[in-house]
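Naming follows writing order (A, B, C and D), and every chain is counted from residue 1.
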Amino acid sequence: MYSVDLNSDMGESFGAYKIGNDEEIIKYVTSANVACGWHGGDPMVMERVVKLAKERGAAVGAHPGYPDLMGFGRRGMKLSAAEITNYMRYQIGALSAFTASYGMKLQHVAPHGALGNLCQYDYDVSEAICKAVYGFDRDLIIYYCAGAVLGEVAEGMGLRTAAEIFADRAYMDDLSLVPRGKPGAMITDEEEAIKRCVRMVKEGMVTTVSGKDVPVKGDTLCVHGDGEKALEFVRRICGVFEAEGIQVKNYQ
Amino acid sequence: MYSVDLNSDMGESFGAYKIGNDEEIIKYVTSANVACGWHGGDPMVMERVVKLAKERGAAVGAHPGYPDLMGFGRRGMKLSAAEITNYMRYQIGALSAFTASYGMKLQHVAPHGALGNLCQYDYDVSEAICKAVYGFDRDLIIYYCAGAVLGEVAEGMGLRTAAEIFADRAYMDDLSLVPRGKPGAMITDEEEAIKRCVRMVKEGMVTTVSGKDVPVKGDTLCVHGDGEKALEFVRRICGVFEAEGIQVKNYQ
Amino acid sequence: MYSVDLNSDMGESFGAYKIGNDEEIIKYVTSANVACGWHGGDPMVMERVVKLAKERGAAVGAHPGYPDLMGFGRRGMKLSAAEITNYMRYQIGALSAFTASYGMKLQHVAPHGALGNLCQYDYDVSEAICKAVYGFDRDLIIYYCAGAVLGEVAEGMGLRTAAEIFADRAYMDDLSLVPRGKPGAMITDEEEAIKRCVRMVKEGMVTTVSGKDVPVKGDTLCVHGDGEKALEFVRRICGVFEAEGIQVKNYQ
Amino acid sequence: MYSVDLNSDMGESFGAYKIGNDEEIIKYVTSANVACGWHGGDPMVMERVVKLAKERGAAVGAHPGYPDLMGFGRRGMKLSAAEITNYMRYQIGALSAFTASYGMKLQHVAPHGALGNLCQYDYDVSEAICKAVYGFDRDLIIYYCAGAVLGEVAEGMGLRTAAEIFADRAYMDDLSLVPRGKPGAMITDEEEAIKRCVRMVKEGMVTTVSGKDVPVKGDTLCVHGDGEKALEFVRRICGVFEAEGIQVKNYQ
C-alpha cells in the first residue's frame, strides 16, 4: 500500500491582514505547517489554525522563519548558528503551547522561506535547525525538500524525516527546484503534474528538466490553498491518489 | 521550619541592549522570572538565562508581557480576553522550548508590568491568564502579588499559586501596593524592610501604611538585581533568613 | 459654488499583506490618508501610494497611528502626551520624505483608529497631536471628525482644519458617531446616505438618530475603497455631487 | 586654516534600554549621527538627542539602518535597491520632523552598521542610498568612510560629501578598515592615534598596515562616546587639534 502526506503552509495571516485560505485548505491536507509569528502569523491566528486542524483531524507542524515580517521571511539574513537554533526553539515552543492547549502534539517542523531555501545545501544552517528540534522534542519530524542537505543532517542526528515533493515545480538533476522565472520551472499542465506526483510516490522516480530519470523520495506533498484553482487541484489530486491506491495520511 | 522562595525578573535584555545584572542576581535567587521576548528578552537572552539558572540550580518561570517592546510592557493596552490568553500561551510556550532544551521544567508564570498590575483587581484578565496556563500545563505555579485577584482566580481553577511579597514596598490595607511616588510608598530603611519580610514569612502579618496589622501570605519574595546596592541587600536578607531559620528554596 | 473633498484611508498594506484597493479608489478621491508604517503601511507601500496620488492628482496626508501593527492601531494604548507628540512627528516626517521625493507637499494629517477615536473628546491627546503638526509644518490641515474636540484644539492653535463627515454612519446629537453595532449605526440605504451627504455639504445640517436637525460642517467626506460595492458607491456619489453643483476638490 | 568635523553615533537607545552616553559626548562633537528607530532609537530618544544637539550647537544627521532592532542593524539583510531607497527615505524623513520641530535643518546622512559596511564597495547599494537623499533634500551631505564607493557615487550624483576617518582603526592600502579581530586592526596607542588623525587632516596622508603612505581625505572624524575613557580621548584630541591649528567645526 502506498501512502503520502499532504501538507500546506497555513496560519500566515497577521492581525487584520489575511493571507491564504486556511478554512478551505484544511479540509484536504493531512498536515498543516503553521507560521509561528515571525515571518507571519500571530497568537490569535495560531490558535485559530490549531483549532481548525484539531477539528479536521490534520496534524500540526511548526513553520518557523526569519524575524522579518516586513519581508515575509523571504529575504536573506546573515544569522549565526546560535541565533538560528534559538530562533527555532522560540518559534517551535510558542506553537507547542497552542497544540498542547488543544490536546494535540506537534508533529513536524518545516522551515520557511529564505531560511528554508538555505537548507537545500547549507550544513551549518541545517544543523542549527536540527539542534533546536533535537533539544526540544526528538519525536518531531523534519520536513525537508527531497534532495536537500537538511534531510541528511536530520537523519545523521537520529531525527525522523519526511521528504517533501512539489506537484507544480520542475527539478534539476540534483533535485533542487528549477528557480521560479527560469524556463520550465513550473509544471503548468495539471495532468502532467499529477502524473509526476503519482510516479514520485509509487516509483520514487522523477524526470528532471534535463530529461533524466532521477530517484526521489516523496513522503509528503506540498499543496497550495490560495484561490479556487488551487483548491480544485488539491481535490483532483486526492481523487487520483485514491484511484491509484495511494492513501493520503500523516504521521500520527 | 519556615521557607521562602526568592524570585527576580531576569532576561529582560534585548539584542545589543542590556538591562539588569542576570549573571550576579542568579547567584542568590531560587526562581527566575524570565522575559519572553515581547516586553523584553529575545531568544539569545532567553537561552543565556535558562543556562545560568540551570547551572545555579534556580527554577525558571515565564514573565510574559504586552507586545510593546518600546514601552517595556509598562503601558496599558486594551486587549480582549482571547488576546491575553493567546499572547500568554505564545510566550510561555516559547520559553518552555528553552527549559526543555536544558532538561528543565518550567516552574511558574508571573505576569509582567501593566498586565501584571491589572491582575491586582481584574477578574477577566486574571482568568484569561490562568486559562492559558491551565491549558498548557496544569503544574505551573501562578505567582501573584499577595492580595491580588489573580491568586483567587488561579486557586478557583485548581492551579497552584505562590503569593509574592516585596521588601521595599509599603502596603495599603487591602494589600495593594502604595503607588510609587506617593508618600511612604517605598520602605527605604533596609533594616525595617528585612524585618517586615521576616514577619510576613513567619507570622503572615504586615503593617500597612495606615498602621494596621493585616494578614498576608508570603510564599515568594521579589528582589531586584540592578546595581551593587541591590545585590548587597539580597546578600543581607539571605543572611538574616538563615539566622531566623527561614529556608530559601523554590518549588522544585 | 459648493465643494467637498473626498478622502480615503490608503496605503495600509504591509509587506506581503494587502488591505484595501488603492489602485482603484485613488481614481475617485481627492485626498489620500496614507498610513505611516506603525499600524499599517511600510516604506514600499508608502512610495507606491504617493506615486499613485501624484499620477492621479490626489493630495497626500498622513494617517498616523499607534505602534501596534498586530492590532492595526485599533486597540487602546495608554501613551503620555509627549509620546503621542513624538510618535506623530516620526510618522508624519517619514511620509513627508515620500511626498518630497515626488515633488509633492503633504496636505493634511488624519489620526487613525483608536488614537483617532480619542480625538472626539480628549483635549490632551488632541493637543499632543496638534503640537506635533504645529512644530513640523504649520500649513498642514488637521482632518477631524465633525464635532470632535480635535478641530477645536487645532483651530485654537491657529492650524488649518477640515471637518470630516461620513456617508454611511449615523450621528448622535453631539455629532459623535453612533457606535457600530448599536441599532441605526449604519446608514444602509445608499439613496439616503447620498442625500444626507448633499445636505451636510450644502446646508450644513444633519438629522441625528434622535430625529433632531443639528448643524454640521462637511468639508471632507470619508469614503471606503474596499470591494466593488464601495467603489460603485463612490462613483455614484460623485455623479450626484456633480448634478447638485458640488465640486469635488482638495485643498491644494 | 585646517578644519575637521567631529561626529558620533547617537540616539541609539530604545525605550527602557540605554546605549551610549549622549548627554556627555554631545559636549564635544560637532555633528550627531542620530539613529532613526530601525536598528535603534525611538521617537522619544530622537527628540531628546535633537534637543541636546540644538542646545549644544551640534548639527544633526540621520543614521539609518536595517529593519533589525534585534540585531542592532549589524546583520546582513538581502534587500532590493528599491527597498533600500525607500527604507532610507522613511528614516531620514522621520528624523527630519524632529529637527524641523526644533528649528534645525538636517545636515547629513551616515548609513549604519551592515548597511554602512556595504557602502565600502557596493555601487548598487550606494546608489540606492544616494537616490533617497537626492530625492528628499539635495543639500544633505553624505558621510562616507574615506575610500568607500559611497563617496564616489554621491559625488557622481552631485551630492555633497564628507570623508569620514577613524582614530582607532588601521587602514588597508585601499583604505578599507582592517577588520576587527585581525592583527593590528585597532590603533591602541592613543598618542599614535591622535598623530595619525592630525596627519590625515593636515597632510591628507595615512600609513596603512602594509607600511605604505596612502592619500586620504579626512573631513570628519568619528569618535565614540561610551565610557569615561572614550570621553577622555575626545577631550584630548580636541586639545591637540587646537594646538595644531585645526578648527573643529561642522558644515553649517
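Keep this in mind: a contact is a pair of C-beta atoms (placed from the backbone, for glycine too) under 8 Å apart; a residue touches a chain by one contact, two chains touch by 3 or more.
Bear in mind that the values here come from a model prediction, so they are computed numbers and not experimental data.
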Residue-number overlap at the chain B/chain D interface, same or different (half cut): same
Chain pair with more C-beta contacts, A-D versus C-D: C-D
Whole-Å separation of chain centres (CA-atom averages), chain A against chain D: 44
Cα-centroid distance, chain C relative to chain D, in whole angstrom: 39
Where chain A touches two or more other chains, by residue: 70-71
Residues of chain B touching chain D in the complex: 14-19, 40, 42, 69-72, 74
Footprint of chain D on chain A - complex, ascending: 67-68, 70-71, 75-79, 114
Sites on chain A touched by chain B in the complex: 37, 43-44, 46-47, 82-83, 86-87, 89-98, 100-102, 132, 135-137
